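Lettered A, B, C and D in written order, each chain numbered from 1.
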């Protein structure tokens, strides 16, 4: 280990359950090595303005069960400009810090790649509920978001069954359908529409519901990722084409918050501890990732070029077969 | 007790958690008196078509924790016409039944009043998540709906705090703001807009947020009942007038479903048992209700004329003072 | 309103969900009147040692959803002695405080009665999960505890049904069986043993299970309040006498904690606001209470002499009939 | 695919959340191939007595969110004897079935190995909350059990912090400490005692607490797997040696039941679908497993000889470092 005395940690981009566990693990692991940790507030924006909070072990001891991020977060437009990144680097160096742990998604990763040019060593930890990073099979927040979505859809289905209706539920995921696939499977959806697969074939959806209805069932559940189509329109179409009363629910921001699931707390803890392990070994500009359910790390730039195919087509097919 | 041998039970209108506990209690109490219970499916519509299911104690033993209603429900347009009510009454009498327990809201109560003219004795049990019946301080489903809404708003606030945003959350309640008041209070909302109080004064809302923002806080939470205004419009207005990023969440159907809370199971059980108590005493055409937190009953027609003011203005004022 | 400038607030005895909402409401209501609030840590013990924390609106804004009490709590033996109460009163007066809001159960109430002799005006708020105070139909924490117990018993019953076993579940409540009655009813227990009713008749319990077993059912659920008998012994006895495999679960401390239910947050808020209302009217030495589901208040000494019979024998009987 | 017309499915051993999703997926996948599915009740015992239930798609459509197993379960002593296994095989063959899907833990696997000698093709699916099977990184029920334990410990810690106590919490896991490790990490335990590591060094536990106490903290949380030591004794020892009030909680059977988490529903679905995939390919006597977070399968006998080290020592060390 080089002589690291002080490091900074921040969360950036959309907040995700489990970020607090990662923060806690960074602080615990660093403090155990005698390294001081400074919390940067509001992501890269707070780095530019040097808004900070000291982070002792006592400050983070009991934060594992808290939703959101205790360090707050933002999407920083200023950090896209070199002049602000220079200011941010100067702030750090003036305070005796040349190492930053940044927790967030691909946007955070891109910020880190730009920032290392200012001579700051950046270690990234993947945190985004959408699980849409190519470099890691798992990203913090996904498990909690899926459980929240599943429980919400369970409730909607109770009402849907009682009334004999079709429910269309929109979940998060503009480009990746992981939340839709998992929550749809878990909540026994009859159809799941994923951005990766959707080709605009509305007829196949309404035909399936018509067939279903002919078979005597009057309850039907469609889970659709937000990136696929307008859920409101879809519900209207279904009602027109099939005659079954259809209602739409957009789950929205409830998917971002809430007490983290055990998995997000555990993986946040492991990733945070692993980030400090990388520092201990004097390695630089790495992103922590999960591959084959084990901890690995990649160079920042390599990480951005990777494609996530952990749930390979075979498993996709298996599971989708159950919703037809 | 008159010589009652067989009774029917149905759920009608919007489904509400706790209806299953009421069904269970009716079945257990009736069976203990040697009375047979027939379940009518899909509310008054099922009465017209005589869609039924036998209900033994074994059929209902473990349904307390299930959301929705095991008997399904509907809003029946046909039942508004006398010819269909005559058919329904005929169905019952041909099957040796002249007593019906109907679980639902004011629409169900009105159906019961019409139906008793056909010579059927109807006992009503109040079940609607909105708590908008004049005859009873409490209606089944309210407690579960409020807890669901509160937990959802808790999650939204996590994200809202992390990002420093204003969140506008729309909850159910077209005419009555009980869900908004309770969930808003419970989730520490900064402003709660109730249909009973709202007079279109958008400026007072945006001014409060501006003041708030000037004081240095960037997170704000507005809970609005669906009957008040368009939540989407409100969020846009807030963003325009105050400059704080504002996001809207419409909770929607998740508020109807879900495993019932302990209170809804307990009150459903008490109300169901009490309904059979009324039958035992050979009383007719009554609605079970809660007054001063105790079980009472009213004549069906009297019930419709009552006004609910259990949460009197003094308590309203007390609680609203906390959200300013 | 007399010229009150500063008040103190503490929590004492067993912690209960909803205490934080009461603290928050006291702070919000007092601050809105220009009154400063000092938090006393660790109950009456902290009063003796004058361990304090300032309580601004920002300090308590988002505590409604937290379990336990942010002010910590204790049972103070020292406070039973006059010399320590004198010291505590001196501490308060030296800091310009002659009014105390104390949140807790009957022990807290007794402490308050003793303490008012030192010239301090004490307003009590009932908080104890057991709902075992004579002065108030409702005490903070009960609703959360019942929901926690109910959900736990639901889980135990899943396993019990899968295996065809008898489960004996012990819940809290040494003298009052409210938690047992409510959670037992809500979770569809086959037998509920309450300290108020239990007369040692083990045979009636085992006979019912034997009959039950003869009827062909192999799953049975007994909920027993901790004050009734040793749950472990009971399970052994059932297994011996009936031959059905029996397992015991003691729910224990999980019943005390957890995020408060909406009701505990709402009632905590109302009670806290009402306590400040009493101060505003210059009334002294009162306890806030719920009677007929409305806010009332009593003189401290009168309060201790009251008996709680909100769930009168008729309703008890109704509900118990459902578990036979 | 050979000409399979009818298969049987059963659950055996301890019940585990997610078993229902596996059953559902077997039924959906088989029905889609035109294969009929017969449910065997109460595990291998029900196979001997041929207690069955037909399983259509409608029977299992909405069971993903149910705890326990809809097919019931048992540990069968009779099935250890060849004569009963012969009877079971005869039952199956007389009903035109020569393929069985068995969901359970290592005991179930051993039963399957014995049973295949009777000429029945057995496909196993790993289901046990303890995650103590050598052949699979993941076993159904673990994720739900860990979340249940974590939420329970969260509640206990609320109360523990409020009172300034040491809490000792015993979780399931006689031989494997996975539940203890995960729930302890997730709930921010100060010490986690695992059967794999424990060498009886009580002094190191009490010394750490003493040091902790000297540092000024009065709240301490120990999570201990049931296989390690008597939790009650441990709490007494801690109180004696350190002077900190210590309380014990045994979580017990709540860890087995409850609505399955999204992961257990998803993995149950995948494993069930994969089991039918194996049948389709005419492969025999296989166990479905997870390796590197992907679906694989092993020969039954090979499976029993495998050792699970998915959470390798490096990750163990990382995480344990956070609880010191």
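The definition used in the following text is that a contact is a pair of C-beta atoms (placed from the backbone, for glycine too) under 8 Å apart; a residue touches a chain by one contact, two chains touch by 3 or more.
From a predicted model like this one, the values you see are computed outputs, not experimental measurements.
J.: With chain centres defined as mean CA positions, report which chain is farthest from subunit B.
T.: Of all the other chains, the one whose centre lies farthest from subunit B is D.
J.: In angstrom, rounded to a whole number, how far apart do the mean CA points of subunit A and subunit B lie?
T.: 35
J.: What is the distance, in whole Å, between the centres of subunit A and subunit C, each centre taken as the mean of its C-alpha atoms?
T.: 39
J.: So the centre of each chain is just the mean of its C-alpha atoms; given that, what is the distance between subunit A and subunit D in Å?
T.: Taking the mean C-alpha position of each chain, the two centres sit 27 Å apart.
J.: Which parts of subunit A, given as residue numbers and ranges, touch two or more other chains?
T.: Residue numbers touching two or more other chains: 154, 157, 161, 259.
J.: Dump the list of chain pairs that touch, please.
T.: A-B, A-D, B-C, C-D
J.: Can you tell me which positions in subunit D touch subunit A when the two form their complex?
T.: Result: residues 21, 24-25, 28-29, 32, 61-65, 137, 143, 146-147, 149-150, 154, 157, 161, 182-183, 185-188, 259, 261-263, 265-266, 269-270, 273-274, 277, 292-295, 310, 312, 314-315, 318-319, 321-322, 324 of subunit D touch subunit A.
J.: Over in the complex, which subunit D residues touch subunit C? Could you list them?
T.: Touching subunit C from subunit D are residues 11, 15, 42, 66-69, 72-74, 148, 151-152, 154-164, 167, 247-258.
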